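Here come two complexes built around subunit A, the first alongside subunit B, the second alongside subunit C.
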Partner chain A sequence: MIVAKRKPFEEIKEMIKDYKKVLNVGCGTCVAVCLAGGEKEVAVLNAEIDMARKLDNNPIELGAQTVERQCDHEYLEELDDVIGDYDAVISMACGVGIQFLAERFPDKPVYPGVDTCGMSANQAVGWYEERCRSCGKCVLGMTAAICPVTMCAKGLYNGPCGGTNKGSCEIDTEQPCAWFRIYERLERQGRLNNILIYTPPVEWNDQIPRTLIQPGYKKPEKAG
Partner chain B sequence: MKSGSNLEKVLKAGHFAFTGELGPPRGCDVEEVKEKAQHLKGNVDSVNITDNQTAMVRMSSWAASLILLQEGLEPNFQMVCRDRNRLAMQADILGAYAHGIRNMLCLSGDHQKFGDHPMAKGVFDIDSIQLISMVKNMRDNGTFLSGAELHGIPKMFIGAASNPFADPFEWRVHRLAKKVEAGCDFIQTQCIYNMEKFREFIKQANDMGLTEKTYILAGVTPMKSVGMAKYMKNKVPGMDVPDEIIKRLQGAEKGKVADEGIKFACEQIEEFKEMKGVHGVHMMAIEWEHKVPEIAERAKVLPRPVVD
Partner chain C sequence: MRLDYPANIKIVRLPCTGKIDVIHLLRAFQKGADGVYVVGCLEGTCHYNEGNFRARERVEHVRMLLEEIGLEGDRVRMYNLSSGEGPTFAAYAKEMTDHIRSLGPNPIKNSTKA
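Our next item is the complex of A and B:
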């Protein structure tokens, strides 16, 4: 899932300092699961802002609403009637949701309440680890299902580099070397042949905003 | 001849090569480069010019290489994949060649985290093996990576690094094979201290026929002090410093530790001269350039051959 981290409070406070009425919109999907921007986090942030602004003698009126998914028109519709009451919006969705919400309400200043940090797996409660950078051309078949783009600090396709150190990456003894693990797993599966051959330069697919149309579907006439 | 560089000529003529290294300054002081270069002149066949080594910003490698050319030394232009994408790399290769640079060393580069700009974006558009292949393609097929034709072809002598000591050991020779397959003409290895492991590595490379397809220059860095040996052992990723070396240095008389370090380096070089599959030594006397004449003398690699 997409994971995010709540922005530092001071940064959020500074962004909205000139507004008197702000709507804080949470998202009920990924960012709710990773404890960054769901209903609960919206309530917590609003309480913090409310208190801080009172202390500053600059009271603020805050609204709270959490929609199922901010990256979907269908769920943003419910904001159509309320948004007009506010000067600005904080969105606690991931970067996709924040932009999508802002596109629907182009007259409203929209501010991010979180920093989006990648596509990660849940290792334990509150602990997430990145696994994919959505490069657009998956090579996990070659690399024993360990991503060289994300898990290798240099994103090498012909690793390991000379810095691999007793199984850890040169950047940190706590960080396993992706290529060491790729080697181990391929060896275990008798598939080392996969990496004996040279992998030519990658044609990067993530250099322009990408669109995706699944087979059997087409782009709507008036796509936003 | 692929490039006609001095290094290539020396190796091709069957001489035991001896190369040096020079780190460009952290500023634009030309005198600093010239000063270091003077110690190397006449004592080595070619000088590696490091490229933002340990991810610290320095005078660019090609620029310092030009100063060396002006001083009458042959540079080996190092290029890392960390700081440039494929456009900038190819552009620099063309520019370097146009100014007379004939050797290149293709490297991944230390991670930016180690340097003075740890939050810089690491480029790594292509990796070191892909870089080797790109330079070879420019030289042998006369095309850019994109396939478009070059007007004026850079004929580089292509080098790469090899670390025989990083894990997994069994994989190291295969990685060397990949570099050979990609097209490298010569290899300079990581600093060697564990001779036993290195002998095994070279044996594997000989058995796979790799040492007939590429020249191997064994990496040597004399230890200056016990502290340096310990630091290399514990702090430098991918470095293998056996305890005997540290003990040997500790056993040296007061004030004679550096001398013992040079003595060990010379013993290594004597062995490399006889070792099947080793074609020379790459002397990395880091910030110790002024010692190179003495080391070269004691290692009996002087005078350097002149090949037409």
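Our next item is the complex of A and C:
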């Protein structure tokens, strides 16, 4: 899932310092699961802002609403009737949700409440580890399901660099060398010959916003 | 035992301190509480194994949040005792009250009225 972490309080406070009525919108999917931007986190942030602004003798009126997903028109629609009551919006969704919310309400200043930190697995409650950079060209089939783009500091596709050091990466002894692990797992599975498969340079097709239309679907003539 | 403890303390009963959440503690301060302390079972004796450890983590989190917004983090504390320790309960109540008195009232109360 997409994971995020709450922005430092000072940064959020500074962003909304000139507003008197702010709506804080949570997102009930990925960022709720990773404990960064769901209903509970919206309540905690609002309590903090409320108290801090009272201490500054600059009280603020805060709204709280958490929608199922901010990356979906269907759920953002719920905000249509309430958004007009506020001067600005804090979105606690991932970067996608924040932008999608702002697109729907282009007259409203929208501020991020979280920093989006990638796509991660849930190791335990509150502990998330990145596994995918959504490069758009998956090579996991030949790398024993260990992503060299994410797990290698240099994102190398064709074997380790000179910095591989007895299983760890030169950047940090705690960081395993992705290619060492790929080698170990391929060997264990008896398909070490996979390591010889050459992968051409990535096409960097992730430099422009990508559009995905699944088979059997098409872009509606009138979007939205 | 007929023990005395400060009358200014309002007790909120929970099934286990593991039920306490960051927002519950923050709400108390938002509503003007001068201090909040959580009294859990002794460490290692939780019926649910880790309820009191979770509460301690949350108390520490709230301490950090209070400091972020400009309040003293030490307005929130965690104490542990067993249910048979009435005198310790009273002693902690007195200790917390004295401690909060030394910090003074919650400044949010005054600014709310302003």
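Here, the second predicted complex is superposed on the first by the 221 of 224 C-alpha atoms of A that agree within 3 Å, B and C clash if a C-alpha of one lies under 4 Å from a C-alpha of the other, contacts with A are read in each partner's own complex, and residues count from 1 in each chain.
FYI, a residue touches a chain if its C-beta (ideal position, glycine included) is under 8 Å from a C-beta of that chain, and two chains touch if they have at least 3 such contacts.
Every value quoted in this text rests on a predicted model; they were computed, and no experiment measured them.
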First, second, both or neither for A:Gly28, with subunit B first and subunit C second: neither
Partner chain(s) touched by A:Thr164 [first = subunit B, second = subunit C, both, neither]: first
Subunit B versus subunit C as contact partner of A:Phe180, first or second or both or neither: first
First, second, both or neither for A:Glu10, with subunit B first and subunit C second: second
Partner chain(s) touched by A:Ala153 [first = subunit B, second = subunit C, both, neither]: first
Subunit C versus subunit B, contacts on subunit A by residue: B
Partner chain in contact with A:Gly118 - subunit B first, subunit C second, else both or neither: neither
Set intersection of subunit A contacts, subunit C complex versus subunit B complex: none
Contact footprint of subunit C on subunit A as seen in their complex: 9-10, 40, 43-44, 47-48, 50-52, 54-55, 57, 59
Subunit A to subunit B touching residues, read off their complex: 153-167, 170-171, 177, 180, 183-184, 196-202, 204
Complex interface listing, subunit C residues touching subunit A: 21-23, 26-27, 29-30, 65, 68-71, 107-108, 111-112, 114
Residue numbers on subunit B that touch subunit A, as the complex places them: 81-82, 86, 108-111, 113-114, 122, 124-130, 133-134, 145, 161-163, 166-168, 171, 174-175, 177-178, 181-182, 190, 237-238
